[in-house]
Amino acid sequence: MINKKVSGPKEALQGLKDDMTLMVGGFGLCGIPENAIQEMVEMGVTGLTCISNNAGVDDFGLGLLLDKKQIKTMISSYVGENAEFERQMLSGELEVILTPQGTLAEKCRAAQAGIPAFYTPAGYGTEVADGKESREFEGKMYLMEEAYKADFAIVKAWKGDEAGNLIFKGTARNFNPCMAGAGKITIAEVEELVPAGELDPNHIHTPGIFVQRIYQGAKFEKRIEQLTTRKRD
Amino acid sequence: MALDKNGIAKRIAKEVKDGYFVNLGIGIPTLVANFVQEDISVEFQSENGVLGMGPFPFEGDEDADLINAGKQTITTLKGASFFDSATSFSMIRGQHVDLTILGAMEVSENGDIANWKIPGKLVKGMGGAMDLVASAENIIVAMMHTNKRGESKILKRCSLPLTGVGCVKKIVTNLAVLEVVESGFKLLERAPGVQVEEIQNATEGNLIIEGDIPEMKL
Amino acid sequence: MINKKVSGPKEALQGLKDDMTLMVGGFGLCGIPENAIQEMVEMGVTGLTCISNNAGVDDFGLGLLLDKKQIKTMISSYVGENAEFERQMLSGELEVILTPQGTLAEKCRAAQAGIPAFYTPAGYGTEVADGKESREFEGKMYLMEEAYKADFAIVKAWKGDEAGNLIFKGTARNFNPCMAGAGKITIAEVEELVPAGELDPNHIHTPGIFVQRIYQGAKFEKRIEQLTTRKRD
Amino acid sequence: MALDKNGIAKRIAKEVKDGYFVNLGIGIPTLVANFVQEDISVEFQSENGVLGMGPFPFEGDEDADLINAGKQTITTLKGASFFDSATSFSMIRGQHVDLTILGAMEVSENGDIANWKIPGKLVKGMGGAMDLVASAENIIVAMMHTNKRGESKILKRCSLPLTGVGCVKKIVTNLAVLEVVESGFKLLERAPGVQVEEIQNATEGNLIIEGDIPEMKL
């Protein structure tokens, strides 16, 4: 077993520098690496390009990095649930590249899988197609999309072991398994880190080979973005 | 009388057949789940990674790790499964989802749809909409027939940036059910009490009226 | 819950006709749909094109269909552990299309995922590249490979539920999850079929949406191809 | 004296470093696992879907659902994981596997490798070899320097159908350790007791001999 355990986000983020490109897992505030984000705020790295489905809210998630103007470019499918984000985007301080959600997921997965490019119908005939090759297969039009390149992929899992194996819970899985292994270095933040051998090898979602550094987060807020409930009868 | 949002959802619910896997967009489409017949089996997919979505949780039972694509807390039903985003869009792109219901700002005669961007206004992004409309074989658009200024949203050509081209097959509005055919919008049904003339006046695109147009049954 | 349960392989294989294309899961004799294969022998369908990593042995796996000359074309990465296969191939009765194993897996996965084509470096500069487009990305050469098309995908899982959800065991997983959903109709044969709700939604490898018909196999031999052991001290 | 298969495996084992994920081909490469230093951490990947392979099972403990790419029954070690074939080749194609060790029939000066097909003989297929050689950044070929007729397998150009082009970096044979460089095969080490002349005679491709060539340490 190759031990990937590090002491925490500080050690995990060693080598992260200004102007690097990061993939950050999560959908909304669900399944985000909270501790790593907080650590990046404290590190003060700037000029970051973040590939992440959303951009957090004003005081949580990637919103914390936006607030400190540490992000130069956001590559996302849906943004703007965040007033500071809006301000920076409208003022031109922040570059935003909007990408169809399935294309975003597949471009991460392609990077993980060594597939340099693939074809998808999403965005054909729209402004997303600008500057991209299109091609017909069996009478339908597709765009060629290339794999993302990232210096770090930062994912969040429910359980992990010292070998870097990850198990996700519920919809907190989302982009995390697609990004694991898609950056030059993959950092996994987990709610519970166990010794190798404690996870059933059949239940592992992300095999440890895709993860270089793993740690148990000190604290998880796991904030709910849209609390919707029904009354008990 | 023109339908309200629940009325549109109720009419669309009749398009949901036994054995369908369905993806519901945000807004009116979400309401459709409330009106699906009880005697058929349907599973709802949400693109953030869940199949077999159930109703909202009881107060206090919410789980931050269990949300839908609208970031709302949800529950799951028996037979549910969780998966990653790439797998989720394999379901969508691979046409395993039988029916996609989503809202629109504009639809054109040739089935183009615009629902993600208004130039000059804040753009929030297309989310999964471009993947959904480019892939789904069976798309129903839920929308109001006209905008707040009374202008038609059922057009010859979309004026807004497109989400997808030539993909819309059926539209359910507050006034009518329309089918996108070769030469325009074929009027299939009228909302209860709504006359053909009213629909015609609210439709900028070519409206095809053949024979008697029945009233919707809700 | 949409119930996918059928009575057995006979009902599951309804609609299978001569000259159709099938994907069949398994690696060697590990994780193969034994009961469905036996049923196809009894049905007597011929002219089949089988996409399967291997071709079984003389008296087991796809070898049973080869023995009855029911297969016209095999698309595999490694074959020939089978004397009758060898005879048919050398005599020209059987067409064999050899495909790199990773390309085979990815062409199945592409079919499942609605990706019409992708690029892979495997086979560039070899006879596998004959007739295929090649293309350079970042100084490295790749081949364009297209998704497979199949009428049926027949997979084998360890546990399944009536909603069609599948869980695999050990290395019997192999090609099965890549093929589920990659044919027009996917049939799942499982060792144990349970009611919906009994499988943990976090542990499911193949979500039920990829499966149209599921049944519990009557009998599993699970033959071992290469028994290798060590002595106890 | 020229090495036997175990000797080749033993020499290659020294190339396996702490923290490496390794894929071993069938034949001599499989033997490498027996000689890896005990004080380093290594995980073996098998392309049929397992990471963290252990030794063969004890008699009676074999499991039909647990095999390696050679279809042999195996065990797993702590920290192991199972995955599907597409994910397995994501590890290989995506260069997550640090070292690939495989056999060859021929290797050429420019790093081409032929190891899957002999025209006129029964072709069994390339299995995962084409994916492995096209993707791996670090490939070591384990092979005999000459064939049974004494002809060199270290060639100017391969005569057999290729498995991959320009991909081999290092070769360990029964006679020598060679590095594939710009202008040919650079002789790095001699097998114990084997003289440079003997290696030169067994090598058809351009052999580059610079300075004193040390003996292998096993």
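Lettered A, B, C and D in written order, each chain numbered from 1.
Quick note on the criterion: a contact is a pair of C-beta atoms (placed from the backbone, for glycine too) under 8 Å apart; a residue touches a chain by one contact, two chains touch by 3 or more.
Keep in mind it's a predicted model, so treat the numbers as computed, not measured.
Relative to the C-alpha centre of subunit C, the farthest chain centre belongs to B. Inter-chain spacing, taken between the CA centroids of subunit A and subunit B, is 29 Å.
Averaged C-alpha coordinates give centres for subunit A and subunit D that are 36 Å from one another.
Shown for subunit C are the residues that touch two or more other chains, namely 106, 109, 113-115, 120-121, 168-170, 201-202. The set of subunit B residues that touch two or more partner chains comprises 50, 82-83, 86, 89, 92-93, 135. Chain contacts in this assembly follow no simple pattern; the graph is neither a line, a ring, a star nor complete. All chain pairs that count as touching, in label order, are A-B, A-C, A-D, B-C, C-D.
Residues 27-31, 53, 76-81, 86, 89-90, 96, 98, 100-106, 108-109, 120-128, 158, 168-178, 205, 222-232 of subunit C touch subunit D in their complex. Remark: subunit A residues 106, 110, 113-121, 137-138, 140, 142, 146, 167-170, 201-203 touch subunit C in the complex. Note for the complex: subunit D touches subunit A at residues 19-21, 41-43, 45, 50-52, 76-83, 86-87, 89-97, 135.
Every residue of subunit C that touches subunit B in the complex is listed here, in rising order: 1-3, 109, 111-115, 161-163, 165, 181, 195-197, 201-202, 204, 207-210. On the subunit B side of its complex with subunit A, the touching residues are 46-50, 55-74, 82-86, 88-89, 92-93, 112, 122-131, 134-135, 161-166.
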